[in-house]
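Below, chain A partners chain B and then partners chain C, in two separate complexes.
Right after this comes the complex of A and B.
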């Protein structure tokens, strides 16, 4: 049964920034939700229209891409046996996707971009981080539903360099502590965390490249439209260490829920309100909430 | 010009052009008693054959004009050097910008805004530096709004 992943801890009443990753109980990588068909169509359309925004892979990443592909396909067949079946062969496998009514062959070294191919069957964005010289590098990934960042720009960059613009990320050496945590991830012991923001509109594919198109929507929020138009955006992020290539598979599943829907639960509406009250200005600006925050606060006050 | 000293390497090479002042960088590397070679960048073929003979543990500083930097970087990557083996000494008078819209990397003066030479979009130049593209992110900006 699907439920929106509300991002705040029970009792949390203030914004704070920390490594909120927790050990995963069910050890999953991906999740199929009722939006599957709609999101797969959007994902595939986005890839066809702008492949260079959605997929990158440096030359040395093939083995890790293949390992991640197998890892995800096996999980799909095991967790969703009515929806996916997998038939193994000596140098590959066939995946039957019953929801999309597709049969897809995956062959080692024949599929040139296996991560991109398996990504077309899951709602998650898929990022591979490679460890060398005590750092983690984003050397391959499929990204269709980013929250205002560019995979093409971040390609080949170290974790620390990617996150340098995030306000507060270097305070108290948080960046180093998170990197250390990631470097010590072990196979078979995955973690998950959630990241949240608000957004005007219901657009999943908010690439940095298209900011002029969707960014202006933030200025069109009014008191009348805020409830239906502004959405809480939650990224459920899962971190798995792949045992053979020792790469980190980082999956991001983005969920949206309108303020109106969220406010049906007054406790959640109240928690969001108090956390927004305590949000530091630089974080508010980084999340892009500033242009319409007053409308959101007024709306939540009205509900409460 | 800005750089940082990476210690513990077997040997350091500075690739430079005549009109770029590398005195301070040389002085600092000498202060750390490092084995140092200076190479004035000439023909790409000669440079390739010289660098091809370098052993593991060699660390390269590129103190070149931005356009030349990009040519030499591509040569270094072809020779098997990685971003961890080198550092671009950043020129303060001109900068390489990565266009957030079309991904073109272009060179411009040191100015807070730049117009992409391919897609003509006006970009706000951020201080987000890519060690892979060797360029700053040029992003979008609405009035009263910053990324």
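Right after this comes the complex of A and C.
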């Protein structure tokens, strides 16, 4: 049964600057939700239209891409046996996707971008981070549903540099601590965290490159449309250390829920309201909430 | 997560070193490994479970792990048990493979310095270098040939890349670190494993020669301080002294006493609950703090005090 991953901890009433990763109990990388078919179509359309925006890989990432691909395919076949079947072959495997009615061959000799190929069967964005000289670098990834960032721009960039724009991230050396936490990740011991924001509209593929198209929606929210139009955007992020290449596989599953839907649960509406009240201004601006925040607050007050 | 395994074979490697081959208890292949990996072994005994880290010397193509264990003369714990009570069929548990030493993916040249049993984490790394066509060399010091672990194997598999140094053979030799380190090209990564003084000497020589810190990799013989039994202690916060019972977690006790220390992983890995220690001895159990940081900080989700510890209330990383 699917339920929206509400991002706040029980009793939480403030926005925290902290590493909120927790050990994952079920040790999964991906999740199939009722939106699967719709999102797979959007993902594939986005890739066809702008492939350079959606996939990057440096040369040395090939082996790790294969490891990640196998890791995900095995999980799909094991956890969703009615939906996916995997058959080993001499130079790879065949994946049968019964939802999409597709049979896909993954061949070590043919597939040059295996991460991009397996990514077309899961709703998650898939990022691979490599450890070099004590730092982490984004050297490969498939990204179709980003929350206002650019994979093409971040290709090959260090973790610390990628996160430099996040307000408060350097306070108390939080950035170094989180990097160190990631460097300590061990195989068989994955972690997960969630990240949240609000967004005007219901667009999953909000690349930085298309900001002019979707960013202006922030200014079109009105008192009448806010409930249906503004969405809580939650990224469920999972971090796995792959045992063979020791690469970090970082999967991001983005979930959207309208304020109206969320407000059916008054406790949740109340908690969102409380946290928004104390949200530091720089974070609010970074998340792009400022232009329509008053409408959201008025709406939630009305509900409560 | 632990993996149930059993011992498939035991072989005497040298006079005091035994090699064990381990298989999954349900015959599944064990996870693939990254070069330089080690595992924690959880060996049941009458005095409770003995937890010890050992480097994997090999993962066979059919998914078995191999470890080599030297009998430590004074040992009454790990190596003694392994040598005297473990036989084919012995059942135990192991952790997932993990790495402290990792080969640098884009390194231009890889140089390994090993002393004695310190060779163990390098075997898989040497193999990886060879298999992927990387440039590498091994400098390996031991007392005599008969005590030299994997002598025959190394001589056969990495003949042109290996240089042996025997300190008690007729022709006595020791590794001349300075001389050796000086010859490596820029972009070289060095990897060191052996007794503490061996590691320290090579690190110092490398630093003096201007090697960047990130290109010096080492793995100390891991201490056996992994505790499963806990003892009660006391913690002083401002003027209050609070007991922590053996089954209580310091983090919880502190938070129950009015502090609100943020936390996340609760397994000593994320660093969120870090606190500053003013006085007292700490039994560190985390895998997050550096040795230097352990002098003034602790992670109360896993680490404990000895006797009485005092924490700095003002420094709490409160939000």
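Please note the rule applied: the second predicted complex is superposed on the first by the 303 of 304 C-alpha atoms of A that agree within 3 Å, B and C clash if a C-alpha of one lies under 4 Å from a C-alpha of the other, contacts with A are read in each partner's own complex, and residues count from 1 in each chain.
The rule is short, and it goes like this: a residue touches a chain if its C-beta (ideal position, glycine included) is under 8 Å from a C-beta of that chain, and two chains touch if they have at least 3 such contacts.
Everything quoted here is computed from the prediction, not taken from an experiment.
When the shared chain is aligned, chain C comes close enough to touch A:187, but chain B does not.
Once the two complexes are laid over each other on the shared chain, residue contacts for A:165 go to chain B alone; chain C is not touched. In the superposed pair of complexes, A:157 makes contact with chain B only, with no contact to chain C. Of the two partner chains placed around the shared chain by superposition, neither chain B nor chain C is touched by A:274. Comparing chain C and chain B on the residues of chain A they touch gives the larger count to C.
Once chain A of one complex is fitted onto chain A of the other, the partner contacts of A:133 extend to both chain B and chain C.
When the two complexes are laid over each other on chain A, chain A has residues 132-133 in contact with both chain B and chain C. Chain A makes touch with chain B in their complex at residues 52, 132-133, 148, 150, 152-158, 161, 164-165, 208-209, 211-212, 215-216, 219, 285, 290-291. The touching residues of chain C, when paired with chain A in their complex, are 1, 31-34, 37, 95-99, 102, 104-106, 212-215, 262, 264-267, 269-272, 287-288, 317, 319.
Within the complex formed with chain C, the residues of chain A that make contact are 14, 16-23, 27, 60, 67, 130-134, 172, 177, 180-181, 184-189, 191, 243-246. The residues of chain B lying in touch with chain A in their complex are 83-84, 98, 100-103, 126-133, 137, 139-140, 142, 145-147.
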